[in-house]
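Take a look at the structures below.
Here come two complexes built around chain A, the first alongside chain B, the second alongside chain C.
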Partner chain A sequence: MSRRARFVLFAISAVGAAGLLAWAFAGLPEFGDYQGRYGRIVAASAVPDRSATEAVAVTVFDYRALDTLGEEFILFVSVFGVLALLRIHRGERERGRAVGEGRRGPGPSESLRLAGRLLVAPVLLLGIYIVSHGHLTPGGGFQGGVVLGTAMFLLFLSAGYLAFKRVRPVSVVEAVEAGGAAGFALIGVGGLLLGAVFLENFISPGKSGLLTGGTIPLSNAAVGLEVAGALIMILSEFLDQRLLVRERSR
Partner chain B sequence: MTALAYGVAAWLLVVGIAGVVTSRNLIHLVVCMSVVQASTYVLLLGIGYRSGAKAPVFADIPTGTRVVDPVVQALTLTDVVVEATVIALLLAIAVQAHKRFGTLDPDRLGAIRG
Partner chain C sequence: MTTALQATILVLVAAGGLAVVVTREPAKQAAVSSIFGLLLAALFFSYQAPDVALSQIVVGSVAVPAMILLALAKVREGDREREGSGEEP
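Here is the complex of A and B:
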């Protein structure tokens, strides 16, 4: 379809869509006056029933944990999707490591090297903090996992591709990712065995301190590992494409 | 003020779709898709808002304080994760399209051959 024909088609459908959009927005609840019942029940029961102060984490990892399991597996499967799409195709060869390294051009500047190295440990610590306090303060496995994965990429920025490859053996990252995904599912099975239903919160929530919320901190840790593993796998797959794969010979 | 949050959501949706339609670069197209998806975050969070309410975290406020809806915030988290996976897959497809056709312009991509 030509560009012009596409714009004409878009203009016609946009008018229709704008009408539908206006109709839909007219039916929205008044801003600032949400009457949903579930949110109020969750907010009221998070602290007394689960000893967890973060109502969103209680929703995600306890009351709505089955959805989160599905969400986690979406991420897990998408890693395989990226791996399958970016695998070495016929007619491509993996460059020698030395060549790949040379293609990177001049190495990172001294300031980037220093800043990256200084930041790796604090960022790792921040990630662990965000994962482990997910049931108490804003954060959790998804957010903390991304921060943990970022620490690995600071290493890439400051030390270069080869050091990054050495610290990131693919099999270990794969095992961490799969272990995180399996861990969450196993917590669900634990609810089946020790409680009544799949993903039931079968650990007593406790009273105060870091280890409250029953299974919520465990689920947070499992998801944190899975997300960090998935992020490292996906981003390093793109890095491999840039640095290692030779263009198809024409 | 009432209409502003919903207006922002609608604006992001429209701008994102316009960007997708007029895009001349697959990477730009993927970024525009993420703008479309950002409108859903604003819409969800806007719907769950209660005037004068606090964030649903009881670490430093007493239980029973008026808070905004935690369920739509959990939905937004799901939304963000799904967006990240969709973008990773679309970018991987863009990399392969560039390898095969030597261009990122959607108009210049040929028919897909097996």
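Here is the complex of A and C:
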């Protein structure tokens, strides 16, 4: 097809697509016009049913907890995939040694170290807050878990790789990640044993305060641990790869 | 007032998306996409979706750029090593 013919084809289809788009946009509901019925039902029932003010968490960890369980295991399995791929690569690398010997990148600057040190504790606290208040305020296990993992990354930036490695024994992180994933599934089994169906909210939601929402805070904690563990494992595996040469040449 | 804020952020998001595409150097692109993620989070927040905004911050502004940077570092290391040892590419 010549250049000209291709352009004509493009022009015709672009005009057609623009026309269809304009037609579709004209039929859209007004800005801010919400038609979903499910959203209203959940928003109205979250507080009286579960004593949890965060309707999103009630949906994600209670009404539709099975979906979340599936998503959690997607993360779990993809971490395995990443680790498997990276570790194979490392084996290859270690055999063909003595290549990058003596090369050492510049360490983090003083200001970066200082900023990292100042931020580690607040970020850790923020992560714990987001996880523990997941059923009351926006946030929850997933977001808080990533924040917790980020705190470890800050530790690496401020204190260096060796300190990072000491704080992060692989076996413990692996146990935390697996425990978090298993914890959520076990909460589901608890619903089966103590309630009627898998992932049923079998703990009384309570009236007010931090410990409301029944199993929702527990699920948040489990997911938080799993996500934090997953992030730290991927991060440290990447760092191992990146810094293997550097560390050995020391 | 709210609409004006939303419109402003929408324009910023459009500009940010363009900036991500225009930046050609991958390491810089990771940083720009991190800022773009932050803009998106502001957009979600202005549309009263704080949960989505928080997820966007942790994934779009922290996790993904960090992974990109680490992956880039790894790829470059591999390239350099191959050049140094004269192995088959």
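Keep in mind that, in the parts below, the second predicted complex is superposed on the first by the 197 of 250 C-alpha atoms of A that agree within 3 Å, B and C clash if a C-alpha of one lies under 4 Å from a C-alpha of the other, contacts with A are read in each partner's own complex, and residues count from 1 in each chain.
Following the convention adopted for this analysis, a contact is a pair of C-beta atoms (placed from the backbone, for glycine too) under 8 Å apart; a residue touches a chain by one contact, two chains touch by 3 or more.
Just so it is clear, the structure is predicted and the values come from calculations on it, not from any experiment.
Engineer: Kindly classify A:238 by the partners it touches after superposition: chain B alone (first), chain C alone (second), both, or neither?
Structural biologist: In the superposition, A:238 contacts both chain B and chain C.
Engineer: Check whether A:30 is in contact with chain B, with chain C, with both or with neither, and answer first, second, both or neither.
Structural biologist: first
Engineer: For A:167, using the defined touch cut-off, is the partner it touches chain B, chain C, both, or neither? Pick first, second, both or neither.
Structural biologist: After superposition on chain A, A:167 lies in contact with neither partner.
Engineer: For A:142, decide between first (touching chain B), second (touching chain C), both and neither.
Structural biologist: A:142 contacts both chain B and chain C.
Engineer: In the overlay, work out which of chain B or chain C sits against more residues of chain A.
Structural biologist: B
Engineer: Scan A:150 for contacts with chain B and chain C and give back first, second, both or neither.
Structural biologist: second
Engineer: Using the touch definition from the top, say if A:74 reaches chain B (first), chain C (second), both or neither.
Structural biologist: In the superposition, A:74 contacts chain B only.
Engineer: For A:64, decide between first (touching chain B), second (touching chain C), both and neither.
Structural biologist: A:64 contacts chain B only, not chain C.
Engineer: Is A:56 touching the first partner chain B, the second partner chain C, both, or neither of them?
Structural biologist: In the superposition, A:56 contacts both chain B and chain C.
Engineer: Going by the contact definition given at the top, which residues of chain A touch chain B in one complex and chain C in the other?
Structural biologist: Looking at chain A, the two contact sets intersect at 54, 56, 138, 142, 234, 238, 241.
Engineer: Using the touch definition up top, name the residues of chain A that touch chain B in the complex.
Structural biologist: Residues 3, 6-7, 10, 14, 18, 21, 25, 28-34, 36, 38-40, 42-44, 46-48, 53-56, 58-60, 64, 67-68, 71, 74-75, 78, 81-82, 85-86, 89, 92, 136-138, 142, 234, 237-238, 241, 247-248.
Engineer: Tell me, which parts of chain C touch chain A in their complex?
Structural biologist: 50-51, 53-55, 57-59, 62-63, 66-67, 70-71, 73-74, 77, 80-81, 84-85, 87
Engineer: Quick one: in the complex, what on chain A touches chain C?
Structural biologist: That would be residues 54, 56, 93, 96, 99-100, 130, 138-140, 142-143, 146-147, 150, 153, 231, 234-235, 238-239, 241-242, 245 of chain A.
Engineer: Please give the residue numbers of chain B that touch chain A in the complex, ascending.
Structural biologist: 1-6, 10, 13-14, 17, 21-22, 46-52, 55-59, 63-64, 67-74, 77-78, 80-82, 84-86, 88-89, 91-93, 95-96, 99-100, 107
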